[in-house]
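Two complexes are shown next, each including chain A; its partner changes from chain B in the first to chain C in the second.
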Partner chain A sequence: MNTKALSPEPIIKLIELSGRFDAHVAPEFIKWTDENIPASQEYLLVDLKKVNFIDSTALASLVRGMKHCREKGGDLALCNLQQPVQIIFELTRMDQAFRIYTTQEDAFEKARAEYIEKLL
Partner chain B sequence: MKLAIVTTYPPGKGSLNEYAYHLVEGLKTKEEVEEIILLVDELPTNEPDEVYPSSEDGSVHIIPCWRFNDPTNPLRIAHTLRENKPDAVLFNIQFASFGDRKIAGGLGLLAPLFSKLLKFPTVVLLHNIMETVDLKSAGFGTNPITQAVIRFAGTILTHLVLSADLVALTIPRYVEILQEKYRANNAVLIPHGTFNDIEQPSMDLPEGPLQIMTFGKFGTYKKVEILIEAFEILQNRSGEQPVELVIAGTSSPNAPGYLEGVAERCTHIPNIRFTGYVEEEDVPKIFGDAAVVVFPYTSTTGSSGVLHQAGSFGKAAVLPEIGDFIELIGEEGYTGETFLPDSSFTLAKAISRVIDNSDNRITLGQQNYLAARGLPIAEVADWYLLHYAQLQKEISFLPATQSI
Partner chain C sequence: MSSSSELDLLAEALSEAQDQLLAISALAQSTAQQFDIEQLLPILAEHAKQILNAEAVFIVVNIDNQPPLLVDFPTNYFDPKEIVLLTNTVHETVDAFQRICLVNNTPVYIIEQKDNDNGCVKLGFQVDTPETALSPTLNLAQTITDQVKIQVENSLLHRALLAQAKFQAEMEAARQMQASLLPKSIPSSAETGLDITVHFQPASKVGGDFYDLKSHLHRGAAFAVGDISGKGMPAALLMSMTLNALRNSFRFIQNPTPEKVLTQVNQNMYDDFTRAGGFATVFVGSYNAHKGELSYGNAGHSPVVFCPANGNARFLEADGTALGVLSESLSKSQILDISPGDILVVGTDGFTEAENPAREMFGYSKLLNLIEELREGSADEIKDGIVRTINQFASGYPQSDDQTLLVIKVIEGKELWK
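Let's look at the complex of A and B:
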C-alpha cells in the first residue's frame, strides 16, 4: 500500500494498491480512508493498476469509503482497473456507481476541470 | 428514502423470513433510509397469538397484504404499493415465495413487473434460479416431458422476474446464467452477507505439545495415512516444540471401520489421539487447541465446510494441491500452506512452516478468520442503496398513479 498527495488543488490523495485486495487488506484500507476522508471538493483516488484480485469484502470497503467521501462533499474515484478486477466491477455493476478513470493523469485532469467549474 | 420490501418476515414462517429480518436490521442503520414498509404475507388465522411486531421508533411499518398460494397476490401488492408510494421497491423472493401451486406461485412473480409498470425503481433479490434446481430432488419425478414443461414454464417466469429494473443474485454463476441464457443486462451480483459477526478468536495455544489436527469423516477421499507419515517425520525434527496428532471424527459411512483399522496399525507411534465422534459442544475446543488444521484430501468436490470452521476459529490450514481447489478457496479469501497430495515429505514441510513459525501461523489464521467472517449484511445493505441511487438517476419519475 503506497500513498501520496497527487496535486495541491484540488487535493487528490492517492493510494496505490497491489496484489490481492481482499478481506485481509480491507481493514488497512478502511483505516487509511477513515484517516484521509477529504474535505469538501477533495478526492481520494485508488489506483488498482497492480491489483489482480478483489473480493466482496474489499469491494465493500471501497463502497464504504466512497459513501463517506460523498457525505463530506468529496469523492472516492478509481483508476487503472485490470481485467480481473474490471470483471468483478461489471458483475456487481459497481462500474456504474464509481467514477472510474483509465489513468492517474486522466483522473487528475477530470477532477481539476470539475474543481474549476465549481469555482466558477 | 421510503423503501418498500415485499417479503416474508418473522413471525411469518415463509422461507427467507430470517434473511429479511437481518436485511431490515441492516437497512435501519442507514441514514438514507427514513422509512421501511414491509409488504408481508398474512399470518395464518389459526394461530391468533402470532402478530407482526410494531416498530419502536416508527421507522418500520408492516403491512400484511398477500397470502401464500393466492392468485390475486400481484394485484394486492400493486395496490398496496400505489397506496403507500415508496421511493423504491425491493422483492426478497425465490421462485416459490408466492405459492407452491403452479398457477398461484407463477402469477405471484408478476408482482415485480407490476411494480415496474407503476414506475417504482424495482429490484428483485432472487435467491435461486430455475436452471440450478434439481427437479428430481424437488419432487417433480424423472418424467422427461414433465421436466421439460416445468423448465419451459421456469424460463417464462424468469423473463417475468427480469422485467424488474435490477435482479440481484448472490452467486456469480447465477448472474452468468441469466446473462448468457436470457441476455439479461440487468442481472447483478450482490453478496448474500452474514447475519452474525463471528467473535475474534484467540490466537494463543494451550500449554503442551503443538496439536496438528484433522477433522471430518474419513476413509473415502479423506485419508489419514499420509498425515501419519508426515507426523513421524515431524517428530524426528530437532530443537522444536513436541507435537501431537489429533484425528478428530469418525469413519465415513461409506468406509466403515477405516479409522479403527488405521488406529490398530499405528499403535507403535506415540502421541496420536483418535477422538472419535466430536459432540457439537466440544468442537470449539478441538479447533481452539489446534496449532494447525490439515486437510489430507485425495480429491475435492469444491470448497470445504471444515475449512470454514477452521477459519471461524482463526486457524491456519495445510491444504492439498488438487485441481483448482487452492484457487477456489482463494477466491473465497481462504489461504494456507500447501502440499502435494501423494507426498508425506511436502506435507511435513508445509505443517512445519505453520507450527514452527508463530508469525506465519497467526497471519494465516487471521486471514482465514476474515474469510469466514464474510461480509456483514449491514454492508450489503449499502450496495442496494447505491444501486437505488443509480436507478433514481436513470429512471424518469412519473406520478405513481397509473392504472395497471
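Let's look at the complex of A and C:
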C-alpha cells in the first residue's frame, strides 16, 4: 500500500490491484480497507490498471469500503479502469456510485482541488 | 531332565505368544465396530494392559490443537495432570521415542506414535523395573500403539464423515427451503398472454439468484429476476429477504410500477445490505396485455435482451445501480410497446460469465446473435437453446456462479383485446 500526502493535504492511501479481482481476493481487500478507513477528508484510491476481471463479490467489497469511507467523511475512489472492468461498471451502473478517475494523477488533482475548495 | 524343562519353557513361551496374538486379534475385533473415540480408548487401554501383562496402562491422544484425550486402566491409577505434563514435554522435543519415566513414582515405559497430520498417540505401561521391559514386550507395545493410532485415525475419519453428512443434510434442507420460496408454477398463457419459462440452476446447493412471477388479474403478468452479490449461504440469506421485500412492495404499493417497487425495496433493504456488505441487481417487469405494454425497471441487472419479432436483439440496460448500493434507487420505469413474437430474455451473470477450460468467458456479444437465431422457437426452445450453447461453450468447465434465465415470448398482443 502506498500513502501519498499532497500539499496542501489531503492524504490518499493507494492500493494497486492486479489480475482477477474476485471472491478469492475480496477478503484481503476488505481487510485492507478496514485497516485503512480514512479520517475525514482522507481518501482510499483503488488503482485497477492491472485488473482484467471483477466479479460481484469484489464489487460488493468495493461498495462496502466506499460506504465505510463515506460514513467517516472520506471516500473510496477508483482509477484506471480497463475495458472489461469498465463494461461491468456500466452494466451494473456502479459508475453512478463511485468517483472514477482516469489516472492516479487525475484522482490526486481532483482530491486536492476539492480539499482546497472546502478550506475556503 | 534338562531337555524336558527346556521343552516346558518353550511350550510356555509359545503358549504365551499365542495368547498375545489372540489378545491382539481380540483388540482389533473389539474395536472394529466402535467409532466413538471417547468410548474406544478405555477398551484399548484395558486390552493393552492384558496383552502387556502390566499393572496399569495409560493412553494419551493429541489431536491438532485440542486438549489431549487421556485414559488409564485401571481407572484413576495415574494422576492425569502428571501424565499430561510429562507427555506434553516429550511431544515438544522428540518426534518418536521410547523411554522410561516415573509417573506417581511408578516406572512407566512410554511409546509414542506421531505423524504430522493428526497429532500423536502415546501409550504408557507400568514396568516393575527398567530391566523388565524386555524387547519382546516392547515390540508388542509398539504394535499395540500402532493399532491404537489406526483406531484413532479411523475414529477421526468417522467423526469427520458424520460432520460432513450432517452439514450436507442441513444444506439440503436449506436448498429445499430456498426452492420453496420460488414460484411453484408458471402462470399459463391463457392468464398472461405470454409464453413463459424459467431455468434456475444454483452453482452450489443454495445461491443468491432469484425470480418471481405472478399473473395479473386482467391479463398480463408481473415478473422479477435478481442476483445477490457473492455466492452460497450468505447470498441465499439476502436472497430470501430481498424476494420477500419485493413481494411485499408489489402487494402493498398502490398501482405498483417497477420504479415504485425498486425504490421501496431499496429503502427497506438498504441498511440490511450495508450491514451484510452486499447488493442485489434486480430487473422488474410488468406486462399489460390490453395495452400491449411492458413497463420495466432495471437496477444494475444484466443481461436483459429484448428481441422484437422483426428486428435486431438489443440489451435493455440498467439506468440505476444495484439495490443496496446508494440510499436512493435511481431506476425509473421504462415503457416498451410489444407485440406477438417479441421475446424478452432476462438472465443472470452466471451465463455471461460462464467460462470454458481456457478460462475465457461466454460474454455478452454472442448472446444477441444467439437469441436472434433462436427467435422462431417457443420460450422453452429458446431457453434450451441458450442453456445448451452455454454448456457447449463451457465444455465441462464447472459452473462457478448461479444461473437463472427467464424467457418470455409474447403470444397475444393488444389487438386481441380491442
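Odds and ends about this structure:
Just so it is clear, the second predicted complex is superposed on the first by the 112 of 120 C-alpha atoms of A that agree within 3 Å, B and C clash if a C-alpha of one lies under 4 Å from a C-alpha of the other, contacts with A are read in each partner's own complex, and residues count from 1 in each chain.
The rule we apply is simple: contacts are C-beta pairs under 8 Å (C-beta built on N, C-alpha and C of every residue); 3 or more make two chains touch, one makes a residue touch a chain.
Bear in mind that the values here come from a model prediction, so they are computed numbers and not experimental data.
When the two structures are aligned on the shared chain, A:63 is found in touch with chain B and with chain C. Applying the stated contact rule after C-alpha superposition, one finds that A:114 touches neither chain B nor chain C. Touch criterion met: A:97 reaches chain B and chain C at once.
Applying the stated touch rule to the two superposed structures, the overlap between the chain B and chain C interfaces on chain A comprises residues 23, 53, 55-57, 60, 63-64, 67, 91-94, 96-97.
Within the complex formed with chain A, the chain C residues making contact are 227, 229-231, 274, 277-279, 281, 299-303, 317-322, 324-326, 330, 349, 353, 361, 364, 401. Chain B contributes residues 166, 172, 175, 188-191, 330-333, 366-367, 370-371, 373-375, 379-380, 382-383, 386-387, 389-390 to its touches with chain A in the complex. Within the complex, the chain A residues that touch chain C are 23, 30, 53, 55-57, 59-61, 63-64, 67, 87, 90-94, 96-97. Those residues of chain A whose C-beta lies close enough to touch chain B in the complex are 22-24, 26-27, 53, 55-57, 60, 63-64, 67, 91-94, 96-97.
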